[in-house]
Amino acid sequence: MDWLNAIVQGCLLGGLYALFAAGLSLIFGVMRLVNIAHGDLIVLAAYLGLTVTGALGLHPLMSLLIVIPAMALIGYVLQRGILNRTIGDDLLAPLLVTFGLSVILQNGLLEVFSADPQKMNAGALETASIPVGGITLGVLPVLMFLTAVGVIAGLQWMFYHTALGRAFRATSDNQAIAQLMGLNRAHVFGLAMALALAVTGIAGVFLGIRTSFDPSIGGGRLIFGFEAVIIGGLGNLWGTLLGGIILGVSQAVGAQINPGWQLLAGHIAFLVLLAVRPKGLFPRMDG
Amino acid sequence: MSASRYRIVQSSAASRVAATLGLIVLAALVLAPYWAGRSDLRLLGEILLYLSLASLWNLLAGYAGLVSVGQQAFVGLGGYALFGLTIFGGLNPIVAVLAAGVIGGLVAMPVAALIFRLRGAYFAIGTWVMAEVFRLVAAQVSALGGGSGTSLPTAVVQSIADGRDAREATSYWLALAMAVLVLAVIYAVLRSRKGLALTAIRDNELAARSLGIDIWRTKFTIYVIVGALTAAVGALIFLQKLRISPDAAFSVNDWTAFVIFIVVIGGIGTVEGPIIGVIVFFLLRETLADLGTTYLIILGTFAIGVMLLAPKGLWGMVRARSDIQLFALRRKVVAKLKD
Amino acid sequence: MVEPLLVVAGLDAHYRDFQALYGVDLQVDPGEVIAIIGANGAGKTTLMASIAGLLPNRPDAIRYRNEPIGRLRADQVAARGIALVPEGRQLFPSLSVEENLLIGGQLGRPGPWSLETVFELFPILRERRATASTALSGGQQQMVAIGRALMSNPDLLLLDEISLGLAPVIIKTIYEALPGIIGTGMSAIIVEQDIGKALAVSQRVYCLQEGRVSLQGHSNQLTRAQISRAYFGV
């Protein structure tokens, strides 16, 4: 029963990892950009949530109403102000610039909020649970998981059934020709980053409700998200959800064996899958 | 027009002047324990170790196109190898530094085989995952203090040299020797056929492949060389610190972020860049260190600014104006004068 | 005297490291069809790319409706009513036929062209509307590329080597459709290697040779000898 419980809890945790990963997957899909500061942006969103709940006395989930648009705005400005200048054939520029951003964000948060761990208080939601056949499911983890499924379904729908999604795919296929169709690449990329950071906003608030956080944990979140993306297969959103679940289950099972092995087990699962299926479980079929 | 009327030269007047100046600087550095105070000597040692790390990362990213953000894996591995080999293996610390290098090279091979499956930016994060694995494994080694780390036992410390001054001088000389070794190896690699292959790959991977250059093997070789030397540098870093913990040994900020900033600011893809960068980095640090986290924000902003406005770094800006080259790497065809 | 629609004046353009165009002058009047001929590497595609905004230039080198557009981005040029059917068709592989057309129409410029009218022009595309664009034959892909450009209801249509790599019977179908397209009052510049086709559909012709205009004139007044001299430089 302990094992089954670990697996179920791991699955639910996988939802959070998929939320970490969805934004990475989106911006890679649209503009082949890998954002090293992604994890720090998740942490930034958690601090935004904390600030909003503190200042307005809102429930952390209600803070999403402010955090999501704020993150989207940050994303658009960041992309048009800085990141668009780095997009091109050179791989080094985006990597180094986002790496620099990561250091700036981390230390900026440290300056404002100190290194003390913080947590958002979601009240009764944190302890509420539903017993299901001998296993107790926390309401919060279930909510997180369902949100992840909803976000990924929403992104998937947006990609394949809206004009915006069409613009994203066209720009991803061929930037110059998309520009000929009247799509301004800089604006399309700005929108992609805005959307990615909106998702990051959700991820950050959930992170801040689930565990305590401090400015230094961004790198770890980036790595979890990255692993979920690679396990699932680049550019495949449902694959990313599965990648998150595999990561979450591996960690939960590892922790069940030895509490010190939780993170290690997740990384090892990733490396094993990388060795066996270098293109991920569901590689995108294109070209 | 016969071929004998042309010859290929690698050196230039500037590189010969630089070599002379370099020898003078080197002599002064060798004698530093006799003229510098204890804290200055420590700072010099640290500068030399950062110069080594930066030059190695530059070889990896700037020449081989392997942009790693996980070189802390090898720094920490070298540090832990030093501690393990001296504490449990009873090795002399200096021998252990060399052994740490060998271990670094050996570990780099399977690591490369695995993470070379990732391309571009994903390769970068893959190297970071590796470093995390190393850190978490180190935290599981309870004989070396687990998560909280351990100190180098007094007996081992004393076996470096007798007395604190002699010890500090020795570890400084080791750092200097390491920096010279690293620069020599890089220089040798870049002047070799492998170096030419690297330049070809960097300029055009497809064309290089069609010329029959085995890209995978070339990059693998560079990765292993850099892994070995980085581990040796890591061993020296912790020989100087005398204390190790997983968080310090595998710190992404200390061993990768700073190193990348140094190379980017100085000029990536040039041998001179890391040297300029390390000087700028320590000048900034010594002036702004009181600012704490603000200093890091300034450093990050500065690095982004350089990347966006002058992607070839400070040395690139100098070279754009004067075509000067301190390390003779480029080959020039010159016409011989008529006899 | 009608105001010219497009005026290219002293256009120099660079492709990669070498100069592809030297001081090219060209003019298109409203409703006029111009043909551009020339050997491979003469600079025809570079000229199209420059007009469409894919290559930045001096603002004044290209004027459209008396407005300098030489420095505008491709999307800004498209928004002013210039559409390019690029060489090699260049459809979006991850979009279906219908989505490729819709992307072309996303600027929302008013005019006669819509999904419906494009499907009337090329009925086969209606049948294959949900197909991935990569699954089409070369000729069908070319129809999508033309339809996609029409969807923006351009006033000036640039057609770059639309018969390249297609079977003669397909080329015939596409060229038969051209008068129906241009008859709507649109102006066009047609780049074509087949001199006969170029002369047949155009009112005036420019010949490019090594990046320079080597000949220009009315399509029905130029002699074969003049053209082959301008074309091959012999």
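For reference, chains read A, B and C in written order, and residue numbers begin at 1 within each chain.
In this section, a residue touches a chain if its C-beta (ideal position, glycine included) is under 8 Å from a C-beta of that chain, and two chains touch if they have at least 3 such contacts.
Just so it is clear, the structure is predicted and the values come from calculations on it, not from any experiment.
Undergrad: Please identify the chain with the largest separation between its CA centroid and the CA centroid of subunit A.
TA: Of all chains, C has its centre farthest from that of subunit A.
Undergrad: Just by CA atoms, which chain is the most central one?
TA: Taking the mean of C-alpha atoms per chain, the most central one is A.
Undergrad: Could you grab the centroid distance between subunit A and subunit C? Build each centroid from C-alpha atoms only and quote it in angstrom.
TA: 44
Undergrad: How many angstrom between the C-alpha centroids of subunit B and subunit A?
TA: 33
Undergrad: When the centre of a chain is set as the mean of its C-alpha atoms, what distance in Å lies between subunit B and subunit C?
TA: 54
Undergrad: Can you list the residues of subunit C that touch 2 or more other chains?
TA: Touching at least two other chains: none.
Undergrad: Send over the residues of subunit B in touch with two or more other chains.
TA: Correct list: empty.
Undergrad: Which residues of subunit A touch subunit B in the complex?
TA: 33-34, 36, 82, 85-86, 90-97, 99-104, 106-108, 110-111, 219-220, 222-223, 226-227, 230, 234, 260-261, 263-264, 267-268, 270-271, 274-275, 278
Undergrad: Okay, in this complex, where on subunit C does subunit A touch?
TA: Listed in rising order, the residues of subunit C that touch subunit A are 52-54, 73-76, 78-79, 83-84, 86, 90, 92-95, 99, 102-104, 106-107, 148, 152.
Undergrad: What residues of subunit A sit close enough to touch subunit C in their complex?
TA: Touch list, subunit A to subunit C: 163, 166-167, 169-170, 172-174, 176-185, 286-287.
Undergrad: So in the complex, the part of subunit B that touches subunit A is made up of which residues?
TA: On the subunit B side, the touching residues are 61, 65, 67, 69, 114-115, 117-118, 120-122, 124-126, 128-129, 132-133, 136-137, 139-140, 252-253, 257, 260-261, 264, 268, 293-294, 296-297, 299-301, 303-304, 307-308, 311.
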